[in-house]
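Shared between the two complexes below is chain A, which has chain B as its partner in the first and chain C in the second.
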Partner chain A sequence: MIADKRSLTRLFPIALVALPPLLGLGYALSASLGLSGVANGGLTLQYLREVIASHTTWAAVGWTLWIATASTVFATLAAVLLAATFRAESTADRIGRMVAVLPLPIPHVVAALASLLILGQSGLLSRFANTAGMFSTPAQMPPLVYDRLGIGLIFALVWKEIPFLALIAFTVLKSRGGLLEESARSLGANRLQTFLYATWPVLWRGMLPGVVAVATFVAGSYETAALLAPSRPLALPLLTMERYTDGAMELRPDAFVLAGFSLLVSLAAVAIYGAMIARAENFK
Partner chain B sequence: MWTALPISVLVFSSFGEGWFYPRLLPTHWSTAAWGELVGDRRLLRSLVISVWLALLTGGAASILGFEIGRRVSRIAVPLRYFALTAAFIPVAAPPLALGIGLQYFVLRAGLGGTLTGVWLAHSVVAIGYTTVYFIGVFAVFDRRVEEEARSLGASPLVTLARVTLPLHRRQLAEAFLLGFLVSWAQVPLTLLIGQGAVESLATSVMSYAHAGQDHLASVAGLLLTLPALVLMGLVGSSIRRLAVATV
Partner chain C sequence: MAIVGCALLLSACNKDRAENGNRGAIARLPWADVVSLARGSTVTWRMWRGDPSVNAYVDCWVAPRLMSDYGISLRAVEGQGPEIVNQLVVERQARARGVADLVWINGETFHNLRAADLLWGPWASRLPNAAALDSSSSIVMRDFEQPLDGWESPWGRVQFALIYDTVRTRHPPHSFAELKGWITKHPGRFTHDQQFTGVAFLTGLMYSLSGGAEKFEGGFRRALYDTASARVFGWIEDVRPDFWRSGRDYPLGVAEMHRLFANDEIDFTMSYNQNEVVTKIRQGVLQPTAHALVIADGTLANAHYVGIPFNAPNPAGAMVVANFLLSPEAQYEKLRPEVWGDGTVLDAAKLTSALRTRFESLAADPHAVPPAELARHAVPEVAPQYREHLAADWKRLVRERAP
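And then the complex of A and B:
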């Protein structure tokens, strides 16, 4: 009992860490319900209803989900490919692993800027296409930034997320992959079967928390979207910022609804992460 | 090539002159854009602000993360999982949504548009990262060393100062870098809490890019990139533990 009390007391410092975001969430939720902020006219579900009924909201949610899914899937596949390719202890493989994780500390805003300079209509790709005789003016280059499919944004996010996921994949394969693969091979599995039934399940289990973290981060990433996303449909972080900074103050509660929604989604991701950690510990 | 191309483009853009469509390479090279670092006070000021913010955030995050992680690691399972999950909240919360929620409190405290306000906002996120990091560090720390010191008559404070802290010098340095990087790359919190009055290097990249000033945006982008790469080189094998900061 005393130990339990001590444990509970020791939880206090963690409040220092979790309280500010929870206070922020609380304020966003109360402002979205008309209880605080510029539209504090008393409890109302009006703003919530308006945001939920708005086509713009769902277009933003759908587009953001598309970007998060596509970026995470491409980055995961590339990370798995890198981990499967550069897994030996040879110098070449070590260099391969090192180069693969090089963009890790580079800020997202820099990745977005580079993407703009490469994929813009007068960017490097367009110049290569011109040199190859594919077209003669920048206008002929299909739009790859500010485009509806978000190709430039996906490119920047994939470039930025591959190193993080590759690093996890390298670690997982190094610590847990070898023995299972050897067993599979000794049981007569060919290379493809070994990958499908031994390597992939181990990789996937080990990478899953990282994949959840990447998808959550990408969905809420503001700076990459601000430099590369189109204005129609707006990405969810851009829509939130637009509503928050709009001169028309009556739009402010909408921003609180959207911010509260984003924070709740991230809390759900945290809960999933917590469950995964607990499961992994039990598994050990 | 996949890794190097984006950085090469920034180098071309910052050092190249006469790099007009459809040229693949600039016609000649120049340091004129880099000279703006001295000439354009705005860029220099944002560099100084970024360094200052990152140093302060790294300092606060490493010290507080150490102490909170140390205390949390003494909590019994399953409450420790709860604490770990709680520490993960500021890490997972989208900075934009976090900034919108926090802005009210920062404004009430009279810290809107100030360096202190932005530093506190950056620290909220960075302390989350370093706490998660130190919970991991202390999970594998052999406490018998501390118990030995206590049994020899050392007070808790002396044990902390003479035993625990010296044993974690490297981890404290890594946590400092972690906090530094979190602040260094932060955009939405700086925009919302800084309210335009506090411009960091990361927000400068955005404003130069939006204004079509590619040369200056590239200079600011490379200035953001180089320290991050140097730090990665310094921490070397520890990069796995720091990776989470750069998701």
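And then the complex of A and C:
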């Protein structure tokens, strides 16, 4: 009985954390099935069918997956490189580590604005190129923001996610890297071999939860996309918000179906994480 | 999961039906009683908070006067258009007590709120200051052709204008036909945004290509829309290759348009407030050589309003605030270009001569279009369905088919 009470008490904080998103999920699910929200005309799969059949949806999902994957991969690589470079206790390395995590408290929207100011067709880069006589009008500068590949958006996201992932990488290497690497070196491994067989496996396992968090965050992030993404294809968060705030009320359920798609994208990242961890456990 | 979610939401709060009945009587009370009911209360106003000039007017000019004159503390919170509808729908389904007492609305939002019975009222014709309203103006007294019937109170009046740079563009176009020629001669220098203002541009174009606004009055007609919209998208298709980014991408909203214009990436930005050019120059957002321009074919004008939600906790306070917003002092302050430059909904002829002189003394800013010219070219908004369809079809036929 006492044990029961204790486990109930322990469940309370979990419920506190889990309940609001679960309630939101419940509402979104019922709204996308026509059971609640503005268009609550009774159970229907019509909205689900329409959204699934729409080319716009898949273009948005595809583009968002591209942005999430590209920015996560680039940010992870940069974080690993930083961790491997600045790992000693020397003053130079300490300064290196400190500078690497400096952008951490800067809001995403500021990073997006910085990207706009630097990469825009009338931005700093364009003005330097102009001064250097490379082109005379802003339109001659290749579009790096509102562009189809999302270069400006990826640039802003990578810059913002590097410090977060680097912080994890520094901690992982400090706590778990040293001993393994020493053993590798004492067994005659060279620098590259030590990195490949001792440093990297420790790093990726330690960083994986952070990498998944970054990928899911980026996939759902609205404000950076609103400032830097093109109008076609429309990023998934932008498309969702557009349907949610459209003057035509019959588009409201679409927004909830699209929110479900966002959730699936995040769940896919978590599933990949689970599978990778399971594989690693099997190897053990 | 859905069932659990709904059950929890539905049981979250239970509204006392009797309370609604009592609240209904408030609108019929003598005005002095409404004011005394409102004294000492808080009014939460859900409104667009995206412009520092508007926020400063509400927070630093309106709020202190409401406090000193009526003991009302005004709390302005973010939320506009469809967000207001979404919020009220959820509150109704959850039978929750409302949060907002007053909402800033117009057009589609008014239509949607009325259709879903989410407004409290009628109340607006009870306001003492409503006597000075410009009741002969169809732009003020009809909201996208919908009669107000006391369900919302007029607050301000705006008109669509293009903004150009007098140095960069010495001979700006004055009609849609001239604009078409201008775009072709200046490739990559024109675009419109994807949101409210962009659709207003398309609506103006639709009027112009199909014989004027009056053709569209009298409710939504599908056949007329089909012919007229085909002309709009034909026009766009003709000039699209010469749009900014060859018509492949469009700026999200007017803030992006202003930025592109200020940075010399495009030669025109636009605004659904004829005086925004003046306030934006003062804020340093736009260059001092920027100037407003109205298309002589006719430019859209509309009014904006305040409404009271069906579940407003403090309808009496909201009525007092709405009445204050209609007062000549508040309307004059709002009209001043250094404050906001939002047009008045009052009829100068109904004011005392001293007040009339004050309104008339507001000399037109050299960057703005003179009031007489604005009035000559103003055309009203028509049934909101035209705008809804135009917005949806633009996304389908233009944005998604971008090369």
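Note that in this section the second predicted complex is superposed on the first by the 256 of 284 C-alpha atoms of A that agree within 3 Å, B and C clash if a C-alpha of one lies under 4 Å from a C-alpha of the other, contacts with A are read in each partner's own complex, and residues count from 1 in each chain.
As a working rule, contacts are C-beta pairs under 8 Å (C-beta built on N, C-alpha and C of every residue); 3 or more make two chains touch, one makes a residue touch a chain.
Predicted, not measured: the structure shown is a model, and the values here were computed from it.
J.: Here chain A is shared; do chain B and chain C fit on it together or clash?
T.: clash
J.: Who touches more of chain A, chain B or chain C?
T.: Answer, by number of touched residues of chain A: B.
J.: Is A:Ala111 in contact with chain B, with chain C, with both, or with neither (first, second, both, neither)?
T.: Only chain B; A:Ala111 stays clear of chain C.
J.: Look at A:Phe195 in the shared chain and tell me whether it touches chain B only, chain C only, both, or neither; answer first, second, both or neither.
T.: Neither partner.
J.: Tell me which partner A:Pro138 touches in the superposition: chain B (first), chain C (second), both or neither.
T.: both
J.: For A:Leu25 in the superposed arrangement: first (chain B), second (chain C), both or neither?
T.: both
J.: Between chain B (first) and chain C (second), which, if any, makes contact with A:Thr171: first, second, both or neither?
T.: In the superposition, A:Thr171 contacts chain B only.
J.: Is A:Tyr146 touching the first partner chain B, the second partner chain C, both, or neither of them?
T.: A:Tyr146: touches chain C, not chain B.
J.: For A:Ser231 in the superposed arrangement: first (chain B), second (chain C), both or neither?
T.: second
J.: May I ask you to decide whether A:Tyr244 touches chain B, chain C, both, or neither, giving the answer as first, second, both or neither?
T.: The answer is both, since A:Tyr244 touches chain B and chain C.
J.: Scan A:Trp66 for contacts with chain B and chain C and give back first, second, both or neither.
T.: A:Trp66: touches no partner chain.
J.: With the two complexes overlaid, spot the stretch of chain C among 21-29, 255-263, 291-299 or 381-389 whose C-alpha atoms clash with chain B.
T.: 255-263
J.: Check chain A for residues that touch chain B in one structure and chain C in the other, and list them.
T.: On chain A, the residues that contact chain B in one structure and chain C in the other are 22-27, 36-37, 116, 122, 138, 226, 244.
J.: Give the list of chain B residues in touch with chain A in this complex.
T.: For this pair, the touching residues of chain B are 2-3, 5-7, 9-10, 13, 21-24, 64, 67-68, 71-72, 74-79, 81-90, 92-98, 100-102, 104-105, 124, 127-128, 131, 181, 184-185, 187-188, 192, 202, 205-206, 209-210, 214, 217-218, 221, 224-225, 228-229, 231-232, 239-240, 242-244, 246-247.
J.: Would you tell me which residues of chain A are touching chain C in their complex?
T.: Going through chain A, the ones touching chain C are 22-27, 29-30, 33, 35-38, 40, 55-56, 116, 120-122, 138-139, 143, 146, 226, 230-232, 238, 244-249, 252.
J.: Looking at the complex, which residues from chain C come into contact with chain A?
T.: On the chain C side, the touching residues are 1-6, 8-9, 81-83, 85-86, 89-90, 93, 107-109, 112, 116, 188, 194, 245, 248-252, 259-260, 263-265, 384, 387-388, 391-392, 399-400, 402.
J.: Given the complex with chain B, which residues does chain A contribute to the contact?
T.: 3-4, 7-8, 10-11, 13-18, 20-28, 31, 36-37, 99-118, 122, 124, 126-128, 130-131, 136, 138, 159, 161, 163-164, 167-168, 171, 213-214, 216-217, 219-223, 226-227, 237, 240-241, 244, 255-256, 258-260, 262-263, 266-267, 269-271, 273-274, 277-278, 281
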